[in-house]
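Next come two complexes, and both contain chain A; in the first it sits with chain B, in the second with chain C.
Showing the complex of A and B:
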């Protein structure tokens, strides 16, 4: 019997060894898959339409990944796709319903001729880019002729030093109904750029330290901009040749420099600017050729110029805004004025309110003579804070001769408007 | 030298006891403190102070300087009857006036700043030193006026006009020139003409140190480029030194030659 037990024991022992070696070899083969990693290009080309590829970590030194079928790529544990500054676009999406999520994409080749992007969505619809990270991208996400796409929760960080060697964070061209939300964009040329966009929704984005504009759009009608934050951008925010836009509850802050604007409006009409904060900009709002814009319930605080409105702007309405501690509240380049200012609060107002209805009894003239002179002859600006200029301003205030007669707030608020 | 210090000491004692200098000191103290309380932001305080300092320091220095010189005339005549060199007497009474005025200004600004602290150290130092330089310059001018003109009321009136010219009229002329020659590039000319006036020169060098320089646009950028360079700083500095030295030397020469 003991012999049998020995045999049993030995066979058990041997089978254990076989089992464990098998287990360990099977482990080894799995590891091999990881180290000799399948390329992302192969994964994409082998996938069937509507497949979901899940990348669990990993490093993919690839670019030029082209997607011609509806596909979802989800990254878990921070997979990195590194373009190594070679080739063209890292992802090129040419089909509807492609989603990318949770990927880190970095080092897009900078090129003077091609607008290489980390993700380029070309002529495709219902695409999504969610929660991705873009590091040192030339262009981050480039949408061309695409619609109904979502760009949500992404982070962009680039290190361009000149306008010429930097691309835009989110770039839209001829695209409509795009939803851009919760993105953080830093160090690009323009944070968000739209050209020929339509009915896009841009909300809760944070655009900071970009070389040129935090937000820049042209010919992009009927778009909405809500709760965005634009700070420290080379030239602030510029919006041009567009109508029916709404800019609500955005913050434009610290855009300071000789050619920086909080918000530059050029040929914008029938739009609404409501509840925004303009803080510490060289110019809060610069308006050239804007028509029928309603500017209400905004705060203009500590800007060089609260608003600079050229005489080719007309039928604009400024109401219920707070103008606090700006060097100049309003500047204009002409005695003509076709805009209305009613019921704003001006920290420079020194009038009185006898009947205590909350509105000042004397109209307020927000245009200082000096700012008018300076906008006609720029070198005059050198006399800023000169005693002569102070005297001139006082004289003009008492007996206005040169400043626009009609540019007055006939009902200035006595208290800061909440 | 011994004598110089003796006279300077007497002058300093004399001036320090004068209510004017104390009022001058108190004024800057209170204004700085009030500006701090109401605006809190030290760069705003500095801009406010710049306006006041550029208006008041030249005015007080030149008016107070002329009046003081007229008032101490008898004392000077008395001293000149003693074996005292004219050079020594003049330098001592010049310094004896300039030092208390500068001190009053510096102390008046420094105490509140020490109390509240500031992050804009460079513009603050420039503001302080330009105030001191302006005191030096306008006391020199005051002495010239007082030496040239014996009639006191006329002298004080002329002092006021000189202040009016540098503080107000000069800028008006600059503006007129800008308007008349607006078709020409004026930037280089503007640099030249504004560094000829010490008040303008101080105002611009202070302002270029603040953020508001960005408001001055293209012309401001050119000024910043010029006065930001070592060459420009050298020019500005030597211009101001010349403005101190030349009136001082002229007044001294007049004093040495004057028949009391």
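Showing the complex of A and C:
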């Protein structure tokens, strides 16, 4: 009967582990949970400050897990915390230095009045959310009045559609110095939303198929976002009522629709747009009321409008950009222009370079007459590419009457700028 | 016979046209708000796509043109400058979303407003509208929360925001 004894020993051993994990509350202890019988809430409430809880697989059908002490929860072998669309937030963190890693959190309750989140971090600092997966979360991570937190390597997948309610993937409210890196966010309202944020760093994220914006700044100053990819969102990125934003080496692609933009700028000043790719968008950059923005070394390729700049934007500078195969390179809604364009490459440029210095000898007028007409009367768009319109355009280029007289690139590049 | 039947059909035609015109006139006498298409309509004031069903507002002109907004504060700003920007038409009615019933529009001039830090409205005025005093009173228990009427909202947007 050695087999039976072996089984007896094994079951005794396992029950010992369960017993000890449930009871031991000693400081800095390592806990290894192998069963789903113990609730995560009990584990959290029994843990001592600065403990590390390791979940080895398992399924926890729970929500409303509140953490009031510094704690680390690490998931191994894909433990699942399922909110079952009940209750409010799944995790509510109300203490500094709480870290969650390697968890799968799913099914957050959707509610009309409460912004329920998979993880809500409230008034807490130095918190971390690393390598977690969020499935069907209403709001993914909600940071309120928190600072110096890290949100790195997470995946968000929600089934937001135009008809249904959807929350934001990562939502910041009155939070500063947050580092958001290497996340993939799909199917939310806004991929990443910052309201009253400050000095946040957003890098290497992939934001796709979000209903409204891939990334959205409201009243959030001194932030930086670089090397992100925004694709198929309602609009790629919206930067509103903000200043001192650096936007570097991002890709804005395939944002199509009547209100779709690669990048929407509204009431923003003193910022930098450098080295970005705007590819296949209805509008590459849409700018309303933006002041002192430097737009350099970007590629605008195959957009409906490369950039649409309203007359209330001034002192902006466009230099060393490539405008390639856009239906319209630049559009404006007025004859006034207070922005500078110099040294860009325009694929529509048909001038010459007799002195061979690499710069065209005739200035380029990037605003076509037709784009001006279309911005005033949208249905006119039906006539695009008709012979009559081409004729009008050529006439306007030779004798500008309606298009902004001062909106010219006096030094257009003959070659694509690398 | 022919003449009579023809005149009959002409009479009928005239009658129908009259009814049609009359109904058209009656309709246009009463410009109505239009439900907000969330995640597709854009705010006229701030260009943001309207997507949070707790917040939103509408302004209807006497020519039945509908302007949609993502928040009460955006509409208030637009309302304050409306006469200056639109000399040939007038505001017919203003509507806001009932905070307690997502997407439902209620008469903004009769709504009860509560300004509270516990609300996070899209543009930061943090003011919600309610249909009745009783519904609003739930949110007025805290001393820091403030009750406003439509004029009070306009005043706040103009001077204290």
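The rule is short, and it goes like this: the second predicted complex is superposed on the first by the 380 of 418 C-alpha atoms of A that agree within 3 Å, B and C clash if a C-alpha of one lies under 4 Å from a C-alpha of the other, contacts with A are read in each partner's own complex, and residues count from 1 in each chain.
Basically, a residue touches a chain if its C-beta (ideal position, glycine included) is under 8 Å from a C-beta of that chain, and two chains touch if they have at least 3 such contacts.
Just so it is clear, the model here is predicted, and its values are computed rather than measured.
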* To do: Once the two structures are overlaid on chain A, check if chain B and chain C clash or fit side by side.
  => fit
* Asked: After lining up the shared chain so the two structures overlap, which partner does A:398 touch, if you call chain B first and chain C second: first, second, both or neither?
  -> neither
* To do: Based on the superposed arrangement, let me know which partner A:354 touches: chain B (first), chain C (second), both, or neither?
  => neither
* Determine, under the contact definition given at the top, whether A:327 touches first (chain B), second (chain C), both, or neither. => first
* To do: Have a look at where A:386 lands relative to chain B and chain C in the superposition and call it first, second, both or neither.
  => first
* For A:377, select first, second, both or neither according to whether it touches chain B, chain C, the two together, or no partner. => first
* Shortest span in Å between Cα atoms of chain B and of chain C, once chain A is used as the common reference -> 10
* Asked: Common interface residues of chain A with chain B and chain C?
  -> none
* Touching residues on chain A, where the partner in the complex is chain B -> 256-258, 260, 282, 304-305, 325, 327, 373, 377-391
* Sort out for me which residues of chain B touch chain A in the complex. => 44, 47, 50-51, 54-55, 167-172, 174-175, 178-179, 182, 186-187, 190, 194, 200, 203-204, 207, 211-212, 214-221, 223
* Can you list the residues on chain A that touch chain C in the complex? -> 112-113, 115, 162, 165-166, 173, 189, 195-196, 211-213, 218-219, 234-235, 238, 240, 259, 264, 266, 288
* Structure fact -> Contacts from chain C onto chain A in the complex sit at residues 38-40, 42, 46-49, 51-54, 99-100, 102, 120, 122-124
